[in-house]
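In the part that follows, the structures are each spelled out as structure tokens.
Next come two complexes built around chain A: one with chain B, the other with chain C.
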Partner chain A sequence: MNTFMRWAGFIVVLFIAAPLVIVVPMSFSNASSLQFPPPGYWLGYYRAYFTSMDWLIPTWNSILIATATTILTMALVVPATFALVRHKFRGKGFADLMMLMPMAVPHIVMAVGYYSYFGDLGLVHSHLGVILAHTCLSVPIAFLVLSANLKGFDRNLERAAQSLGASPAKTFLHVTLPILRPGLVISSLFAFIQSFDETVVAIFISGRDAETLPRKMFDSIRQEADPVIAVISTLLFFVVLLGIAAPYFASALRSRAPKPSRPAGAH
Partner chain B sequence: MGISLSKLTEKTNIWPWLLLAPLGIYMLIFFAVPLAEVAIMSFTEPKVSLANYQKVVTGALYQRVFLNTFVTAAFVTLCCLLVGYPLAYLMAHSKPRTAMLILLLVTMSFWTSFLVRTYSWMVLLGNNGPLIAFLQMIGVDKPPQLLFTRFSSTLAMVHILAPYMIMNIYSVMKKIDPALIRSAESLGAKGWSLFRHVYLPLTAPGIANGSVLVFVICLGFYVTPVLLGSPREQMVAGLIGHQIEEFLAFGLGSAMAMILLVVTLIILTIYHRRFGLDKLWG
Partner chain C sequence: MTNYLQLSNITKTYGHFTALDDVSLSVDKGEFVTFLGPSGSGKTTTLMIIAGFEKASGGTVQVGGRSISELAPHERNIGIVFQNYALFPHKTAVENVYFPLQMRGVSRSQGLRQAEDMLSLVGLKGFGHRHPKELSGGQQQRVALARALVFEPSLLLLDEPLGALDKNLREQMQIEIKRIQRSLGVTTIFVTHDQSEAMSMSDRIVVFEKGRIEQVAAPLDIYHHPQTSFVAAFIGESNLIPAIITSGTDRTAENPTLGAVQYAGEDTLADGQKVTLLIRPEHIKLSRNPIEGRKNARMIVETIVNYGDNALVIGRAGDIPMRVRVLGADVVIIKEGEECCISWAPDAVFVITK
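On to the complex of A and B.
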């Protein structure tokens, strides 16, 4: 049983890995259609990506929309998470559940709703419309990460600060916020990625004027499968690899490097 | 933002409401209202009636698409389980370094955009792709059409959703006490019998978690079936999009969206009662 599971596991590793790495050689291919292995290699499609406004504008739109979504999401979620984690009140269970609802509703359902609702409000084909919609969809993941962090927070640290004479505002700024920083960073990152990757709602409401990168990729795959997609896929692949591997390498470096001895005079 | 942390909580009850209000109002305007609009449109477009639902429930096309969606979602869930279980096992019972590398790979896959992975399968299964070349090499004269079939969209969905299954099962396997397995062995259980009667039941919560998640996501899947699947074997999400984009049939599209939503929420409610919804993603 053990041997069988291990062999099956190794085959699955190939199944998971193959589609992730195949885009890398494809991006250097000089074929004009999907051909693997590529007949030859060149950098032409990288040049095409970095010089074509058809691709750079959607990339820029996505970055802009994801950044604004992250800021708006955090501005709304941070206070709400404090309310839900630190206070008991009637209807709290219901409110907890409501925070997760956007994750439970299929995106195609929301896409239909936004398409019609934002149509009435004149918000389709606008950056603002996509930002407002993406913020709703980013709330659950930001809340899950942040509330997990806040639940593990030792409140004695705040009590200690207050007993030493810090005002509530000071305590929040100098004790609560710094301790929560990793949680805030990770939940912002998740909100950003959620917006940057979101495809279905963007397909329906972003239009030509606020076209996001996933929408452009979707259209391109559907119509002509422009080889530039392999370039973007490769770039995204390395961004993700960097994002995931960086903490591993950082911790590996830290554990290998000799422990810095405390400089004399530091306490 | 001066949150009077401990003092105010017991005395006044206005703080949580003040902190919740901005998000609550926002979600009301930009989440609840558009969702309600879908519900309303399903009954009122083009005129007030139950005609949209009647059409969806009795129309042969719609029946077939809904049936196809459920069968596909169930099949994808089963495949994710068959693929995910051995991999989670390998991860849970390997040396730390191997386990970490596989975990890195699964995490990579999880964080790589749906679209990128969908595109990769287009390359792999395309007529000039490696799989067809391999089939020709081993002597298949006329290799079958792989792309734009039920096969290609199912394969890609299994690949895309497998990480959800793997993570859920792995987190349960990691926590299994090796002493339990050893004591079962000392009582004479081995091989498949040990697996069936001891190991598998211990991993059941992870299987349940992963399966619900994969099934529910798959029910509403839009991108991959539209790009890789056969146009004749659409799934619900694709058909909804088609009705809205091509025919501006908001009523019909909304009625299908409502049915999809209700089914999804029923499954998640059952799950919530038993395990708690917040456990699903974490």
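On to the complex of A and C.
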């Protein structure tokens, strides 16, 4: 690799990592609003976050809504994906298009739509309203991930299972589901993150009762630039880091397991 | 047991396209039957109808005197080995082999023991704990075979199982499959488009073409007595010469270039009937001068392909393209572009009427 490429790579990494470099120190700041570099360090805003219902309730709302959204999304997407990938039927092209539509329409347009439509139905300012709206936004991405997985699925595996005596239900349980598990995990993860991260629709329809964390953060930064925002950002960053690192730790632990079988005199 | 597997008037149509046209066949218990044909000839469709993955548009499939046409694939008790093996990637080799036993309610400890025994039979003792991706192509093939046999299926279906293996491994697996099939005595249908595979493994060969069965016979019968020009051309190398019967009683036919040609066989054909004469390349002799007591013809040599122990000489007798297979030493006497003499005995000529 030549010097230019090395520098270009370094700059890109720096650019991507810069917000973290700023946000993590700011979360330990003792300034009264968001300020960089911090004038001094303390853990006060961490305590503020963990003791204030103003923050804990939106956090709980976000987790609840994202979990419900994930379940509802998968309940819709799994059967839909099987139908759209494996079967030919009249109107299939249209159904395919409708599955992906929420991704093509700007969130703000969707949000305005939900605001007026859910208003009539009495769903504005309710958990259910946000869950329904988020499900609609999560469906396309979950569908894309899962259909890519399902298209690569070798149907001879199912035929083999059936020839070996597995009924269609057992074939699904013992063969199809375990082999598709990575795809299912990833698409539900995407559905969860999409909902947890979603701000625009939440601002429009979540109201006070179903206020989500991104909405609360947005309100807070507009009104007082409370450094608790930096605390939340840092915490979320470490949760994600843990999530990414966990499989590596797991596989490292697993690969260490058989090693004690080496001859005792080896070391 | 005769007529163990009975296909009766099977047809399969997709819209206006007829994939199978009135296919009937009976297979004895313990027999090794090969479906041979070019791709799209209907051999795999027939296999899928036996397995239950395709539904026939008409006709019935019977095994052991019982119709299985209405049974779902998992109720048919038929073992299948797919071309790509279709091993379950999330299960180890021994768990793959245990799967059909698991589905039949065999306990895990007993089932795994049975699966290990089956892996030993296919020569994979000690490989049970590996996942499919940790096994070579040939080993995966053996696991697939063990899995298809462990539950004592009433039929074993092999769908081009050797297609993905290299030549040496393929020959080794041909012998291995044959050995295992004999030792278990399982009735086997083997699908292939490779004629040498069909010749070396089968008790009988079924030749498919355009959704129909062209001929059913033992390998050597198919080779020496093909009933149609398609079979003659598809199996082995052949010289096919159009001719007209001049005397059915004397078994003589006439070709404009070669003149009168004597043929073998006791069929009395009608004078004036149009036929095709088949002469296998290895039955033709190459010489400088005509040989007494044989049918002789002149041939211009165009190409000589050397294989070491033998050579293929391609040339023309007048307007008829001819192929002659000669032993390595004999080819020394001629060169490309030269004219030489080809000759054959009357019993080397077989008449095909279709």
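Keep this in mind: the second predicted complex is superposed on the first by the 234 of 267 C-alpha atoms of A that agree within 3 Å, B and C clash if a C-alpha of one lies under 4 Å from a C-alpha of the other, contacts with A are read in each partner's own complex, and residues count from 1 in each chain.
Basically, contacts are C-beta pairs under 8 Å (C-beta built on N, C-alpha and C of every residue); 3 or more make two chains touch, one makes a residue touch a chain.
All figures in this text were calculated on a predicted structure; none of them were measured in a lab.
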Touching partner for A:Ala83 - first (chain B), second (chain C), both, neither: first
Contacts of A:Ser206 with chain B and chain C, given as first, second, both or neither: neither
Which of chain B and chain C A:Met98 touches, first, second, both or neither: first
Residue contacts with chain A in the superposition, chain B compared against chain C: B
Partner chain(s) touched by A:Asp154 [first = chain B, second = chain C, both, neither]: second
First, second, both or neither for A:Ser163, with chain B first and chain C second: second
Partner chain(s) touched by A:Gly243 [first = chain B, second = chain C, both, neither]: first
Contacts of A:Met26 with chain B and chain C, given as first, second, both or neither: first
First, second, both or neither for A:Thr69, with chain B first and chain C second: neither
Touched partner set for A:Pro178, first chain B, second chain C, both or neither: second
Residues of chain A contacting chain B in one complex and chain C in the other: 159, 162, 167-168, 171
Chain B to chain A touching residues, read off their complex: 1-6, 9, 13, 15-20, 22-24, 26-27, 30-31, 33-35, 37-38, 41, 83-87, 89-91, 93, 100, 102, 104-109, 111-124, 126, 128-130, 133, 159, 162-163, 191-192, 194-195, 216, 219-220, 222-223, 226-227, 236-237, 240-241, 244-245, 250, 253-254, 257-258, 260-261, 264-265, 268, 272, 277-278, 281-282
Complex interface listing, chain A residues touching chain B: 1-2, 5-6, 8-13, 15-20, 22-23, 26, 31, 33-37, 75-77, 79-80, 82-84, 86-87, 89, 92, 95-98, 100-118, 132-133, 135-136, 139-141, 144, 148, 155, 158-159, 162, 167-169, 171-172, 193, 197, 199-200, 203-204, 214, 217-218, 221-222, 225, 229-230, 232-233, 236-237, 240-241, 243-245, 248
Residue numbers on chain C that touch chain A, as the complex places them: 51-53, 72-74, 76-80, 82, 84, 86-90, 99-100, 102-104, 147-148, 151
Contact set on chain A toward chain C in their complex: 154, 156-157, 159-168, 170-171, 174-175, 178-179
